[in-house]
Amino acid sequence: MPWNEIIIAIAILTGLGLLFSVILAVANIKLKVYEDPRIDRVEELLPGANCGACGMPGCRAFAEGVVKGELNPGKCTVSAPSGIERIADYLGVEASQEEKRVARVLCAGGKNEAHNRAHYRGTLSTCRGESVVAGGPKDCSWGCLGLGDCAEVCDFDAILMSEDALPVVDPEKCTACGDCVEICPKDLFTLMPVGQRLIVQCKSLLEGDLATDRCSVACNACGRCAADAPPGLIEIRDGLARVNYDLNHLAIPDATKRCPTGAIVWLEGEQQFALASEPELPLGRVDEPNYDQDTYYQ
Amino acid sequence: MKEVDEIPQEKEPGSAAMIATLGLAGFLSGVILVSVFLYTRPIIAENKAQALRAAIFEILPGTEHYEAMELTDGTLKVVEGSSDEENVVYFGYDTEGRLTGVAIPGAEPGYQDLIHVIYGYRPEEGVITGLKVLESKETPGLGDKIIKDADFQSNFDALKVEPTIEVVKKGEKNSPNEVEAITGATISSKAIGRLLQLSVEKWKTPIDEYLKGDPK
Amino acid sequence: MKTEESINGQAAQEFLKGLWKENPVFVAVLGMCPALAVTNTAINALAMGLATTFVLVSSSILVSLLRNAIPKQVRITAYIVIIATFVTVIDFLLAAFFPDIHKALGAFIALIVVNCLILGRQESFASKNRVGMAILDAAGMSAGFTFALLCIGIIREILGNGSLFGMSLFGAHFEPWIVMILPPGGFFALGFLLLTFNWALQKRKARSTARTVETERLP
Amino acid sequence: MNELIWIFISALLVNNFTLSLFLGLCPFLGVTQRLQTAFRLGLANIFVMVITAIASYVLNTWVLIYAPYLRLISFIIVIASTVQFVEMAIKKLSPELFKALGIYLPLITTNCAILGLALFSTNKGYGFVEGIVYALGAGGGVTLALVLLAGVREETKVLDIPKLVQGTALNLIIAGIVSMAFMGFAGLFASH
Amino acid sequence: MSRPAMTTVSTSPYLHDTATTPKIMWEVVFSLLPMVAAAWYFFGLGAFMVVFFSTMGSMLTEFFFTSGDRWKAVRDGSGLITGILLGLCLPPGFPLWMAFMGGVVAIGMGKVIWGGLGQNVFNPALVGRAFLQAAFPTAITTWSPPDGGWFSLNSGNAAWPFMQADHVDAISTATPLSQMKFEHVFAPTSDLFLGNIPGSLGETSSVLLLLAGIYLLVRKIINWRIPVSILTTVAVMSAIFWWIDPKVYPSPDFMLFSGGLLLGTFYMATDLVTSPITPKGLWWYGFGIGFFVVLIRLWGGLPEGVMYAILLMNAATPLINKFTRIKPYGYR
Amino acid sequence: MTADFKISTFKHGVHPEEFKHLTDSRLIEQMPFVDEYVLPLGQHIGAPSIPIVRKGQKVRRGEKIADPGGFVSVALHSPVDGIVKAIELAETNTGQMVQSIRIQADPYSSQIFVPHPPTPYEDLSIDEFIRSVQQSGLVGLGGAAFPAHVKFKIPQGKTCKYIMLNGCECEPFLTSDHRTMVEKPDDVIHGIRILQHFVKAEKVFIGIEDNKPDAIKVLREKASSSGLPIEVVSLKVKYPQGAEKMLITAILNKEVPSGKLPLDVETLVSNVSSIAALSEWFQTGKPLIDRVVTVTGNAIRQPSNLRVPIGTSMNEVIRYCGGLLTQNIRLLLGGPMMGLVQRSTTIPVVKGTSGMLFIEEEKIADMDAYSCIRCGRCVDACPMFLNPSALGMLAKKALWEDMEENHVMDCFECGSCSFVCPSHIPLVQSFRVAKGILKKRKASELSKA
């Protein structure tokens, strides 16, 4: 047996191991820097492949971004979906809870209710694009142009365009990020607490027939809702019914009953979604809801 | 989800644990590696030697055994085992102990990277008797014809090194010191030519001197 | 308490995910260097796959066994030592018993150490799971890796050399597409494989969504 | 001097680590979404490569002469620990530098290009200066490849790339085309 | 209430220049026809067939793989340019099936994958050509000399698909550039100028190329900065080395008129889509191409580097655009 | 360097066909009075005016009917003798419904404006002058309808070395400024005299494109006899020569820094017609109750230059000009390059209406759009030296922040880039969109902060 070689080999490796572990141990004590402990936790939940597929330089950097809220855990394409969920849940636990707000659309004049005044000819078929050309083809100059810029911009797929070419917000998916508020050229979105159920879905300042000539569901400022509602809740100002949400607790569906055009509505069912927080997920869930294979390849 | 909380909150490991772990890992790995190494070393050495032997027998026809010689301070000395490989050549002898030629390894940049070859050289006649490419990254199907192309290889059946080795286009060879290039791989062919020329220049004198001093 | 069946199911899942759903090459885009560098022939691809399998499975076992003993700060170094040991072992073994393959794979055997896939699996799986699961995971991942390498290797060898596992396919007059065994060919082969998979997935998705729409329409 | 230039050019262009030797592809395909990130990763790469060249020279000269077959494992231990140490040091001493470069270090430690550099330069028998020049060339080549790909990828954000192709598939094809373009450098300065 | 008649609205401006993208493309196609004719004249029918097959390859790919309006894509003429240019940078005896495949790769990998016209980063014709060069290096460097027969077909042309060409009649000659590189023989400039030399189909006649280039410049289809900077860089750099050692290094006029430099300069480097858009960027781009051409020609392993130089600078174009932003009015 | 031989211009820009021959030799006619006038309260940039009349109230021609709604706002006057019929929402040229005063003309009135004696402007203090201009309802007639008095008030610490009169009228088709210069050169010169009295500039330039030699000639004659430091500069015909930044660059060879005003390069730019109107206010007391409008295009029977009372319905203008040649037309307010397309012809002429352009719908070719081929024509056209190609591609992907970084906010929407783009990419349109979103974002950030 060439003991000599054996001893050298073992000595070299043990020596290197010891040497560097000492260096690292010292460094670990001397060069310690405080960091948010959640970063470690998230890093642990990540695959640790340091592959960079998320666009960040390594898992730790990604974890930092996630903890800071700058990144979506879903950007990690290597992690199994359940892992991503766990991270989201881990961080979600610490997120503060207030009443959920959602985006509401203040126009009900889809293509069947509100007609166009002009043909638009052009290759930029977006609401924004049309709105800079004579304010858009729609006769009602406040109304939704129906080309779905809002649906396009929503990162959470919370907006779908209805057959009537009107956006429909899914309150469950909406995170009140405000992107749709920003994009809509007609300023038709507002973010409001889900508890506000009495909504005037019209922004037209025209009164009477002038309003309803342009759109069959416009608010014509007849004042019936204001009469039927508890005093002070609804006011007619500048040709439009306006709900005073400071008195929201007084709101009742009856106010909408006599509206001749249906411009004021009481949200119910799917559109309402009054639950303040999401229901508890079942423990140990490993299924993959809505998981999209395509995201793997992005 | 509650699962998260089940992940044990590790307490800060002490430095001693770190040092011990790595030291131990090094130790164990040393043990494993040295055992595998000792077990495979003779086999690998045998493989290598066999490959070398095969190459030498191929480029020095009639060789029965060979001897490694190292160039130190301008003179050739017999060496045992491995050594600085750049300066080692192999003297081949036939069954009767007559010199069949010298196998000389060499390397030169080709189209992609260094081309490593070993070639047989007969000092008495000043001819190259064969060439084997040991390693090349030349383009498969093009530059790597220097390995397989029979026409190209036949250049080195008896290539005169005097006055100098020249590379010419295919079909233009008309004297024994010329190498016919491979069409479409002129660069690789030229690299071989250059390699041989430089290598012969380097080795000719020491070999001649050695043979003069040691007439076998 | 989990039932036997669900454990089996989970085990099968751990193994299968590596083959397709979390395939290291096609999906996670890990271990790209060997996947492209040594896949110019099918046989090299297979050999590389098997060598990686050996290293991945053995080191996963060890890491999983030692997962509670290794301090956090030095875990990467410790894993690397483990991996490097196994790589050196397979390097010696190949050199001793398959010298040709050893030569063809060249430095890329040594580079298995730094194959992102292997360290990644230790970090994300073996160090957090029991040995059984770790083995299954490693085996699945290696199988997926080998499978992917083989796919690429087969394409590149057929097009770039007109042969498969060294057997000539199209006769002597075939004009090989040399580019396929050159570096760009590696990129192209994997690129077009991914393209094809995307296409197939999209097709399948289109079909399945078409079906759901139909069922929705039923009363 | 000529020799050094050849080593540099060869590692930078002719035998570009990423595009012709297939080393360090994971970050090449992963961390090239943004130009700035890619460039910094490249710089960090150069840095680690130089450290590696030094470390491997030290190991080769003073340690591994006794047991050359331990090369792989010794290299990897030394590189991994040194980089980890440097990372800690930078983090402590200069948080800005850490933000700019340091966070890329873990991504590189476990990267083929680094170990490849150590192994290749040992195989080629490079000395100290040659080793460092080789490291600079190789690191420069990796940076070049990273930056080129990142530039093109940033551009693809404004292009109408079909959905089918987006992502890795396109990156690979871009890499393939750039790699074909780099084939033009083959044999550069070799015959002179 | 009766509704007013619907009017039509669209965005300003309501006046437009007469140039349209298809018009520009077709004008380039027509300017290429003399080159095709010259190729036929110098090399015979085979040369035309090479151009024809590469064009068919690109047009068919364009048609079958374009998503969206495929007729519109085919009609705009840009695929035709790609096909013709690809054909023009292939050697005369090139197997037709390879030329066809080049067209497929050019459009498939160089254009369709990127989303069609205007979206590609690399010059499609050169992607095709680089692919062919890497796939079939022997075939693409087998040059037949100009032979003058109007209907002569080279036996290389007729190889079966996917099979090797057997060049029975191929008296493979060296192009002026490979003579320069491997034998240090420099062809006389007058031959280079008129086109009586072996080489790719479109590379041979400098006179025609110059005329076409001037036409494109005058019509403002191509940006003058690109040819000016490329040609200046090549001329200056080669002049310096020629002055150092005229035996080893070729003269500037040889460098300018040999190989694919003029074709590349006037038609390929200037491809609108794949060249930078900022004025300063165009200078850098041209300089880079010139520099790489000289580098590869003088010291590289390959005799010709125009294609690689352009592809490399194509890859750098997004970076160039980014770092040579135009300074807007009011920021100076 | 004598002024006579210098032909100045700016860099980049485009050369659209001019079509000025349709109206450039037609004298300005007075548009007859009609039954009803609609006067939107927000015809100008800035706060809307505040009505001071009630429904049913009688008003006289030239009587003030609305006060300025703030400093950046002007008064509004009745263009006719008549009765206020309503104050209600009415559609205007922006496509928006705006509060407007509707006046029923008195059919029995002679509608004669009784001139006041000239105001002795020399006696006014600068503040009185500014207030007086604000009361005259004068806004810039060059298109933007920016309250003129705001421009005339040189803020503390700023100096104004040059006054520059913009007589370029670079938009194709339009000739209203041209005719004003030719027919009312004295008003222009007198306006300069008044303004010069308060501003005291070193030099007054009148920039005129050299396709209006008659205007150049007559103004040069008048200028030389005026005793004022006026130089009439002949400018190369190039669009958008009339944009104030381009005008300044052409004449002074200076650039207005980004986000800054001409005053930052010590210059005051005003349209020639605005200055003529200024002179009228001080000489006769006539506020801005009418303006010259070029009615032109291939779809109107009688292209003309008309002096139209503000508030006249466009339908009436069409009727007066002999009607439309076809029903299928497109109406643009302003020129063809920057003009605003209209959805209907029932809107009033407002202070900013410099031209009404009727184009046959069939003559507007349907344009196939292609991807940007990066031909760089837009880059060579953009007078602001932007990169419309890059901006257009960013806009397509809704990358607004990147567009801001690429200076989209400096774009003044001249349309040169869209004009030259061979791929017919709706460049300006998407820049308007981007600017809209960015402005909205900034506003919401401000309100949050």
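So that you can tell them apart, the chains are marked A, B, C, D, E and F in the order they are listed, and the count of residues begins at 1 in each.
Just so it is clear, a contact is a pair of C-beta atoms (placed from the backbone, for glycine too) under 8 Å apart; a residue touches a chain by one contact, two chains touch by 3 or more.
Quantities reported herein were computed from a predicted structural model and do not represent experimental measurements.
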Given subunit D and subunit E, the chains that contact each of them: A, B, C, F
Target subunit E, source subunit B, minimum contact steps: 1
Distance-maximising chain from subunit D - centres being C-alpha averages: F
Distance-maximising chain from subunit B - centres being C-alpha averages: F
Subunit E and subunit F: spacing of chain centres that average the CA atoms, whole Å: 49
Distance between the centres, which are taken as Cα means, of subunit C and subunit B, whole angstrom: 33
Between subunit B and subunit D, centroid-to-centroid distance (C-alpha), Å: 28
CA centroid of subunit A to CA centroid of subunit D, Å: 40
Touching two or more other chains - residues of subunit E: 4, 7-11, 109, 115-116, 119, 131, 134, 137, 301, 321
Residues within subunit C bordering two or more other chains: 29-30, 73-74, 77, 81, 84-85, 88, 92, 116, 119, 178-179, 182, 184-185, 188, 194, 198, 202
Touching two or more other chains - residues of subunit F: 340-344, 367, 371, 390, 424, 426, 429
Interchain contacts, given as pairs of chains that touch: A-B, A-C, A-D, A-E, A-F, B-C, B-D, B-E, C-D, C-E, D-E, D-F, E-F
Contacting residues of subunit F [partner subunit A, same complex]: 89, 91, 94-97, 340-344, 366-367, 369, 398, 424-426, 429-430, 432-433, 436-437, 440-441, 444
For the subunit A and subunit D complex, residues of the former touching the latter: 5, 8-9, 12-13, 16-17, 20-21, 23-24, 27-28, 30-33, 50-61, 294, 297-298
Subunit B contact footprint on subunit D (complex, rising order): 6, 10, 14-15, 20, 69-70, 73, 77, 186-187, 190-191
Subunit C contact footprint on subunit B (complex, rising order): 10, 13-14, 17-18, 21-22, 25-26, 28-29, 32-33, 36-37, 39-40, 43-44, 47, 51, 139-142
Complex contact set, residues of subunit E against subunit F: 4-5, 7-17, 19-24, 72, 76, 78, 115-119, 223, 272-273, 275, 277-279, 321, 325-332
